[in-house]
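Before I ask anything, let me first share the structure, which is written out below as structure tokens.
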């Protein structure tokens, strides 16, 4: 999984039928020091994340292992909202 | 999923038998600011996207989770046409 | 899928038993302007491609969705020979 | 698999239901000379690794092939703690 | 698949139970000209490769399609030892 910050929302009305009901969020990737890497992903939201929140997202087939994304053409999912993480004994982020 | 702009079309008559009927599009990858990254993918089209349209595409095994691509040797699919997305409260793109 | 040009052939006599009969080709990756990117892949050939031909290849689990590669430890397959593609209304390649 | 050093821990209370009980660790990627590459991953811990330990992690669908991660939206798992490795006849790391 | 040279061995006694019996090798990635790219992978050995040998390795779920790696948390496998490859009509490597 990688760390990301929810940067915004995306709307797509014309889509594969079995994507109905999925909410798409634009997520900027973060490094372990909570800095943006420049990378991003558009992910389905499985946890009710809001803009600005720090999240964990999974990609590939693992992104389909949620009730919401099962059997859907979805390769990225937000599967957790991060409360806190620490690196080298120092807290980097707290919600 | 990643953002892309449909840049063109591709024709391949000599191909694995079970690819018959798939339409291939050349897609330039976009970043969250709607700029081209230099990356690209050739994707199967599951939504009837046209050249110039901004789309969302999925890769890997998730690209096979559409009626069109199921059980086929296809690792990228356009699964949505983007209406709009916003980042940091600002609308970046509207169709 | 990505575009590639078949650059050469590879022979491996000592291999996992279920790879018997697969033909391996060295493929240089191309960008949408038909220039080499520097990347490459060694792919199984599912379509009878020859050296010098421009092809489309799939990677990951999708590379196993051909009769030839099914259930084999193969993560890249040439699944089409490209006749032509165009970008921005201009033909980039014709076989 | 890639080499990594466990750099820290991560807590996420709001998450996909089937992630309950997984421990997440922040892992810095190492190269074959035991130097940090700058890359990282947040991985589920399947072996009881501690901060500072050198580990091996698997990604993608292979990350779900442990008792702990089976059928869960998890794309990275620590599946071994490294005792030692050598390159070119020289021991690079010993626990 | 990608080309690699077996650079060394790795020992991990504390690991996921179903990894028992797998031999791990440190593999440096090669380009089509037989030069090291700087990349590497730790792969399970399915063919009895020795240090110094040039091999072909598969990654992702395809790495589990061998008798040895089936259903195991393993995302890279050496599935062939390379006898020879040629590029542009010139032999680059012969065992």
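Residue numbering begins at 1 within each chain, and the chains themselves are lettered A, B, C, D and E in the order written.
Throughout what follows, a residue touches a chain if its C-beta (ideal position, glycine included) is under 8 Å from a C-beta of that chain, and two chains touch if they have at least 3 such contacts.
All of these numbers come straight from a predicted model, not from anything done at the bench.
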{"item": "Common touching chains of chain E and chain B", "value": "C"}
{"item": "Geometric centre distance via CA averages, chain E-chain A, whole Å", "value": "32"}
{"item": "Whole-Å gap separating chain D and chain E, where each centre is the average of the chain's CA atoms", "value": "20"}
{"item": "Of all residues in chain A, the ones touching two or more other chains", "value": "60-61, 63-64"}
{"item": "Successive chains along the ring, chain D then chain E then the rest", "value": "D, E, C, B, A"}
{"item": "Chain D - residues contacting chain E, complex", "value": "1-3, 31-32, 46-48, 56, 58-67, 69, 77, 79-89, 92"}
{"item": "Of chain D, residues touching chain A in the complex", "value": "7-19, 24, 26, 28, 40-43, 51, 60-61, 63-64, 71-76"}
